[in-house]
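In the two complexes that follow, subunit A is the common piece, with subunit B as its partner first and subunit C second.
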Partner chain A sequence: MFSSFNFKYFIISAAILLLLALVYAPHSQPLYGDPLKTGTQTKVGVQTEYGLIGTDKFRIYKSQKLEFKYKNMVVTEKINTTAPTTGSLFLLTNWLYQLFFFLITAIAIGYSKPISNFIKKTGSLKYTYNLSGKFIPWIAILALLLATIGIVDGLAFAPTDAKQKDSFRIIYIHVPAAMLCIQAYIVMSIASAIALIWRIKIAEIVAMSIAPLGAAITAIALITGSLWGARTWGTWWEWKDPRMVSVLILFFIYLGIMGLNSAIEDKRTAASATGIFTLSAFVIIPFIYVSVKMFNSLHQGSTQVIGSSDMHPDMARPLIVMFFATMLYFTFALLIRIRGEILIRDRKTQWVKDIALRS
Partner chain B sequence: MNTLTEIFFSGSHWTYVWWAYAITFIIVAASIIIPTVRRKKTLAQIKRKIEKGQQ
Partner chain C sequence: MTPKTNKNGLTAFLAIIRRDLLLAYRYRAEVINPILYFIIIVSLYPLAISPDPKVLTKIAPGIIWVAALLASLLSLDNLFRSDYEDGTLEQMLMSPHPTGILVLAKIVAHWITTGLPLLLVAPVLAYTLHLDPKAYSVLMITLIIGTPILSFVGAIGIALTVGLRRGGMLLSILVLPLFLPILVLSSVAIQLAASPRPAIAPIIPGAWFDSVVYLTTQAPYSAAIYTLSALLILAITLAPLATAAALRISLR
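Let's turn to the complex of A and B:
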């Protein structure tokens, strides 16, 4: 029975899923309170013409009023949050449950012949090039269709926000882009780890192809966030805000990875160097997540969109569609980059020469 | 021309929305066009080298 178990694939999938569990489990909703907020913390909101912005009203336990000057705006509220300590127990249970689920999945991948064979085949650059070529048009069509539906729904049919008026419609590109720039880094880190440990070529290519794409998506998140902030907060940029500055650092990390990759001529050495850099800089990701929870931030905390949503369904619907559209766009753009990189790496092989002669 | 000025420079709520969507569109388009063109160039370069008998 154990002879059919593929230990290598079990370890790879377990490592990936464990990383996912560690990143996403703290985001799961605890049943009581929020351990990150245990104790007394202060959160400052900004009073603008559209109301108080920057506070997380759903997490408020008790509050008190005070006067505070913030640039040209007056801040009027200080919030002391005290969460019950039982929250951490439920969060731990949630973590363990997710870890158990991921472990079972990893064992299944280790045993599954078709999955093992698929992973083995994707290690071949020719196979990945041909397979991605078949999927690219469908992914592009689906991404375009969903983006069109999401944008039209978001701009024309979603109701106007009572406080932010129509400027809130930036949410349909800002939030998916902000989520994607972090997820892209997580995927890049996983690919870098695989490339560093097992020296798998395709993992190196994936990691290197994500960097410019991640930089582009982070730029979208920063620019649209700045435009949104200019209208609602009255400021284009705030250096004291941990969320804004940490995402800017993420943008520079992406640029640094691109620079390091192009500075080293040998592709494999470049992949190793950038892999170490990518994993070292991973520390920014949890910081971006907790920045709005742990520090006084102009930026609001995360809003639940799916399930018992804090948003009106007509506002949440286009956002959900745009989440899927941006994920498909990312996959599409990534596959194009991967295919280009495969051709460069394998340019001396016969199969690439055949493709070149046919083109 | 006046309509464009109104869309992008009137300072209304929609102005910020249009700017955000326009900039996003440009970045997304560039992120697709640039690697596509580069891939085509790579193929053309390989083909040229084969025809010259260098590869």
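Let's turn to the complex of A and C:
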């Protein structure tokens, strides 16, 4: 039975089931939702008001007042709908799109000679060290330039929000950090998978270097989110809020990865063990995405910034600039860590000794 | 055992389950310890927080789930430890059968010896904590679905830390964040089942299908149970493979 059993199809079907559950779950009753909605109910009246900038929250595009009749009681309920782009169908299409993108990239890399040659070369630690040394100053300058533009544009020129006044301007730090802390985890998982499958040293180094930076950027996201929440929701920390708690779990996972990495003495064994844990803990990432939709949350749904956006373009522009600035800064810090790690790993070779003698 | 090599994975699976159950039967104290631990943790809460029935009714789901989580975390330490120390684990990894199936057998046997007794004790403890009568079914459903996930996910952590000398604290740091979503989903489902809401349609012969539909799609806690079930399937399929890979790394 088990010898002829194909695990591959089983795993794929399980992954599809999880995806379906995560997509379907938001459509059933939201957890913490009003339980009265499940009873036999008759709609008495529906009032709908649309607004670009929200009545209660930052960005509510539709506000409905519903009246139900339930056992001779009239229950009034206010339903605020946030930006429609958080819909789970959108999430699914977005994931499929990203999967497609990765697939195309992988095929392109596999077939094109110059790219595959370049990747073979980056497998050499010395080549990566020298190449990243050339890039680092430019990345730093670009990051600084973009951050200056973004911060000045965001703080001085972006219009004030109708509801939150000037306190919304922390968005220009919070949102890039929050996006990056998830993306850093995804990159770390991909690097760990490469390290586990092909046993490439540089992938191990990348995966191990991302963990502390990811923890730092997650801490920034949590702290700025808490500051923002203190102004707009009136609370520093709310245990009921799924977005806060799931990002806190991500922070713990980053710390756990760092702890596991430092507990094992042999560096290559540590990298493999950490890689397996990283891939196992990847389950948390879809939860962070869906958490806002799945539970009733204080946190607003994410707003689409690029394309058909309901955000004012003058507000969105600095956000995009700041996102690129944060990403570049992250790359800069990551490269510095990677270079240090390369020197430690190759400390017994001649080229590292030459560098040490030169400086 | 006959000397002829039997390559059937199912035979190996059943043999390992039989061996582990036999071992558990011989060392009965190791089976009873997690249950005692579970009961003691649960009894700490009323003493520490408040013996008031109203308060206890409110926090009962959380107490039971936290206690179940800690009990399964501590009992996990025995999953590979003795096999690692006497070298059985290395022999297991060298056997011709896929390691994933052997690991799956070990986890299933471990759940039968530690998870199943918790399920038997949980309703009694819930009664002492004045859990809302409406929530018993959901408590049992979440425990049946949730405790295997704890065993499977914890197995990955214990396989990674089995070779380390001071792995205990690290195991908690690694595994507890992964347990948190399960804890949240389960206790939210139980709380929703206990909250005042329209009564579930009674299961009557003519309308049994309606009540099943209500339970699976309309009930406010169904989203949590869906997600838990999906996580269970994912854990059963992927966790043995990850555990096997982690064991190979730990024994390298």
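Here is the rule we go by: the second predicted complex is superposed on the first by the 255 of 359 C-alpha atoms of A that agree within 3 Å, B and C clash if a C-alpha of one lies under 4 Å from a C-alpha of the other, contacts with A are read in each partner's own complex, and residues count from 1 in each chain.
Here is the rule we use: a residue touches a chain if its C-beta (ideal position, glycine included) is under 8 Å from a C-beta of that chain, and two chains touch if they have at least 3 such contacts.
Source: prediction; values computed, not measured.
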item	value
Subunit B versus subunit C as contact partner of A:Leu357, first or second or both or neither	first
Partner chain(s) touched by A:Phe287 [first = subunit B, second = subunit C, both, neither]	second
Which of subunit B and subunit C A:Tyr127 touches, first, second, both or neither	neither
Partner chain in contact with A:Ile151 - subunit B first, subunit C second, else both or neither	first
Subunit B versus subunit C as contact partner of A:Ile264, first or second or both or neither	second
Partner chain(s) touched by A:Phe332 [first = subunit B, second = subunit C, both, neither]	first
Residue contacts with subunit A in the superposition, subunit B compared against subunit C	C
Partner chain(s) touched by A:Phe324 [first = subunit B, second = subunit C, both, neither]	neither
Which of subunit B and subunit C A:Leu213 touches, first, second, both or neither	first
Which of subunit B and subunit C A:Leu279 touches, first, second, both or neither	second
Touch list for subunit A against partner subunit B, complex	151, 155, 164-167, 169-170, 173-174, 177, 212-213, 216, 219-220, 223-224, 227-228, 230-231, 329, 332-333, 336-337, 339-340, 343-344, 347-348, 352-353, 355-357, 359
Contacting residues of subunit B [partner subunit A, same complex]	12-14, 16-17, 19-21, 23-24, 27-28, 30-32, 35-36, 38-40, 42-44, 46-47, 50, 55
Touch list for subunit C against partner subunit A, complex	7-10, 13, 98, 100-101, 153, 156-157, 160-161, 164, 166-167, 170, 173-174, 176-178, 180-181, 184, 188-189, 192, 195-198, 217-224, 226-227, 229-231, 233-234, 236-239, 241-242, 245-246, 249-250, 252
Touching residues (chain side subunit A, partner subunit C) in the complex	1-3, 5, 7, 10-11, 14-15, 17-18, 20-22, 24-26, 28-33, 35-36, 38-40, 70, 196, 242, 245-246, 249, 252-253, 255-256, 259-260, 263-264, 269, 272-273, 276-277, 279-281, 283-284, 287, 294-295
